[in-house]
């Protein structure tokens, strides 16, 4: 155990006085801080197993040190994050990068860290060493029935692993598409993909969900077969009740209004969950909130309003996951920063004066509507997020404590300086 | 009559010898040129009444001369285009810019020019002088029921004008949306819009179609309530069989793969028609094919393949319209260039070796698929388009004849040098 | 006088107690708040005369009421803003929309409102009624020497008006460019533009500056002759010391890193000033900070660092102006919101721990650098901006006071409900 | 030798009759075909050594077979291309992927294939096994002087290899930049980079050129230190006469007008050369002309006009290279298609009626200017490109012959089915 209660307790004791002052001031500025804190305490964001190592680009990869070498070490890393922020109580596994050999022992280990297993992820965008057919020309869309079957079977196997671990959802991200005009018949690619998805859907346990991710481009550079929210919606509507759309913030064309997409998917009862990250150019997979924090707030503003309108449970009725890559930062620090940014955006959205906003909208009082949103956003709510951590035995300042406690050095000692975790 | 058969006949006589040489050579290079020519002869592209005058931007407008001052003069202008290219046999009217006072006389006039009335267009993006409520905050989406009703009533009035003239479809383009975060509740805006559209749909004659256009942004700069193909599809699926989506090439986010969207809308049986134009940055409303002619070809490639797969009639089963603005060119010359570019792209798509392409796709032979498409595109098929005109008594070179015949000067003499046609 | 000291004083008295609490808390959280407040007090943002009326798009314009009908009323409006926020102490005029008839009386009027005259703006993107030549095909770039001369003469006339009023700079924004491939010879267009600019530059008084704005597109939709920062830099380097580049935040291609451009222009000693606004898609001319407030902060972060590195005076050594359009908000409220957002971003940038940031950069401690920037940004500094207003006799909450005091109604009574101010 | 004169001769004999018919027809349609053919014969496009194997993305790589395993095999592959099209008479090496051990033997081998050595390329975007310092945080920009020195030394070593082989230019592409706001001080990064470039420049032989490439983003996702043409220009102007800018078509923000950039760089006498490819979304590295062939033509239109205006030699005064990645096509077929598309665009640009275009531009006859460009583009000039090949003993249809002759199978037999060439 790299971090124990005592270390965290000492850290909190040092910072608590200043924290309390700030918390009190915040409570004097913002209505219902208690209700906000409680919602923050309940909110958990799953950590993807593939984000625990240093990421890379097609141009290169510059590994850090102490990266996890096994599923056990990945669970340990997420456990560490969760101990620090008490908001990362789930892990999202990726098959075949994280094939569990013994479900029970893995579940026990996760349980010791207070972690649940969130959505399991299939991988048909790479060829594995022992694979019969190649996905060079797509998987679920492939013109070759045998290749489609191989990809369907892989997804069904992923579901089985998920069942073994207690996961309740499958995330399907397809890189299927084409690089050149003429390569694909778009209609047939759609129909092959739909048929394949239907076979996977048929294998889904009755209490499971299937999340279908979309992405506008990359790694295919002419077309993608599930390219935008409209295409994902079209598939999941045909699949059935258990299927819904997963939104990855980086998977849009330039300037897309993601918050509107989120609101409409919620309205259509087909929003399934999120992959959080941030980006400036494309699927940059940067730390959540590092480039466009106001957009993140606006998305949460739609989520809170839309989920409340449907009487949904914020913490449980959608899948909340991070999907990021860490080329120049320590992955664990980056993930702590992402979770903090997400929690803060959620807190800001919770603090919006909904009645006043609704009134301004009904009166077309645009300047007022902006004042309401910006007031919520400009108010410093970090003390509420910190308080939620404090009450659940997390650390007041997770990044600072992570650094001071020297965890990374311990990991490097244990695991070596040149380990490379599976992932991108 | 600015141009008569004799003038056109003389023009063609002068160019015919060279044309025949080129046609023969083309026929020696391309299979089935006769079938292509026949399809070209049947293909008509509607001219929008608002594109006959000089366009402008918010920064200014630099009128040309001889612009049409009335619906009659607009019909005359389209008649002129049609006489030249025999491919512009329809006019698309815009209400209230073109309110017909006497349906019969207008129909007779159009008939004399060989013109039909294509889709009629409503306008709820501007306030009219005598209007009770303002559309400043939207029309069909408006939070105020009375304003929504005014906009619905206007659309029903437009249908009535269309019925009077023999039109069979209504195009609805909504500028509705918002300029600032917080201004709109996206879900309610959607639901208000849907309800309004349902009222309009209910007033649609049984043999009519409703085309719902989408646009990513402008004139609203934060959100648009029918913003992309996915949103338009969501509405028209809820409306019913007579409703379908209209694609304007300039209404997409940067880098969107429009040809894939077209293929999927066709597959969903919800593609209604087109507004052709070209663009580099946004809704630039430039001449069709002037910036991205290969994209235009790729779109027609999907159209030909997709319509044939469903046994559709190329000429009749979709609405083909131009929607462009002419800030620095003579509007009539610009429209002739647009029609030529569209016909050429259609001809190229017709000449694609479909069997070979299908085979290449089935074999994932990407380089071959590219060779097939590029061979069709690089082959000069202008002689086929010209031949289609020749056989229908149009001009071999419409732009050249328009210039030589001095039509614009005649129009300026008749109508004045500083007339400004209604439109944008 | 719509607002007097008493009204403002009463407003401040009502809010002061809460303000003081907030200010004290802020001072306990942030170092050097006094220094920040003093810099905020000195910082003035010029209001463009064309932003005082309701804007519009090519699709329509929905006027508000009480818009200024004359240069005097425009000065009155800016005076009103300045009285409220004490940060709008300058007006930027646009010729020929605001031709002063008697310099002295206008200067006196402005003086009574505490206003200076910032950059004067020429207009060669529209034709004026009495103009000999048209700018349809460009002004300073025009192939016709006589048209170029007309445009040069207009700029020289604008300088004369500016001299009469005590302005010290000329802003040149050119819409010159082309709509279609082939329309322009890019090189000749550049050279004509350079030659024209050199003639204008030669007429510049010795203590004046020339700001050359760039814009990637609109109203020309294929090319723009001063299209990006690189092109503007290329011109102003050839012109000489008094010429520099003006950055309008909305004038970039999608995803451009504007803060880097700003840093490099400062480094090249060729940054002249700013047109502040915000945008999601293009030159949307929205309220500053309404869509991308973090970007605004990052820009100010570069400005503070870069100006300090060169020993520049923040308030005086660059031109700070707003350039926005107000289609759905009250223009005066919108401008108050813009100024507030700019001041806040400036305050946040001033509060960045520069030494710690420099250290993090020297150590490639990327996560730390992010912590430092985000800490400055997430801290609520509105009390500092409010305090700067309070100390200069402005209002603690300008938008609220503007509304409560009923100024707009007074203006409507005085000026009418359907006035339309000159502008876009 | 996979292909000999006899095989090519037989291929040409089979196709020649039809080719001659097409050539004659083309000559009857286009003026000066002989002059065009001669220019095409002289035009050579360098093949990058890293494009001879299958490319990949960060998500995966799907190798083909028979990829070159050594510099010798790369030369053999380029020799093969050149034998087929006689337009690929140069190879561009990448250090350290292609370190020559014996200059003389490599030069001899290249000479046997009729190949020259074009620009040599340095690599400071990846870490090599034996490298002391990491480029994780940049190379020439690095805050650490020792790392900058290592990167400078590497570039100097690359120059030495180039000298040994008879190359005359160094291409510098830097991935240097940052992934997060705050990571870099932009000004210092610029200055470090400039200083490093000056050291490299100082080591340049007197008859060498240095090409500085720019790229808007990737692999850094917040800022790039040589991000656009304006930044590259700013560096090369400070470096001196031997330095110029290299344009890679995929390295721009969405919608950039590349042809204008090319024209202006030529005008500034700072255009050095090209990396040809095509793209839809970003730096997609697709086959030249496969997505936007009209843009490729417009770029060559500027090149021909601009080079002629300065009396430059088309074939020799700029560096012409391909830079592409081949994820789903046979690399050699893809390169043949790229060269064909480039030659065709060049031929089209050569066939533009320059006098008529200049006249149309002088008269602002925009529709006419478009007619002139589109006439050149729509005319099928493939027979001229084929004739240039025929006269230089290349193949009339290189892709077809490559396939029929079974070269790839021979290569697979020789080199194996699972070889992976160095590169991306």
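For clarity, chains are labelled A, B, C and D in written order, and residue numbers in each chain start from 1.
One rule holds in what follows: a contact is a pair of C-beta atoms (placed from the backbone, for glycine too) under 8 Å apart; a residue touches a chain by one contact, two chains touch by 3 or more.
Treat the numbers as computed from the prediction; the structure is a model and nothing was measured.
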Set of chains whose contacts include both subunit D and subunit B: A, C
Selected interface, C-D versus A-C, where C-beta contact pairs are more numerous: C-D
Where subunit A and subunit C are represented by their mean Cα positions, the distance between them in whole Å: 39
Whole-Å gap between the CA centroids of subunit C and subunit D: 43
Residue numbers of subunit B (touch at least two other chains): 136-137, 178-181, 183, 216-217, 222, 254-255, 257, 280-281, 287, 290-291, 294, 328-329, 364, 366, 370
Sites on subunit D touched by subunit A in the complex: 56-60, 62, 125-127, 134-137, 175, 178-181, 183, 216-219, 221-222, 254, 279-282, 284-287, 290-291, 327-329, 424
Touch list for subunit A against partner subunit C, complex: 21-22, 25, 28-29, 254-255, 257, 280-281, 287, 289-294, 328-330, 333-334, 337, 344, 364, 366-367, 370-371, 374, 377-380, 382, 399
Interfacial residue positions of subunit A with respect to subunit B in the complex: 136-137, 143, 178-188, 190-191, 216-217, 222-223, 227-231, 233-234, 253-257, 259-260, 263-264, 266-268, 294, 298, 301-302, 305-306, 309, 357-358, 360-362, 364, 366, 369-370, 372-373
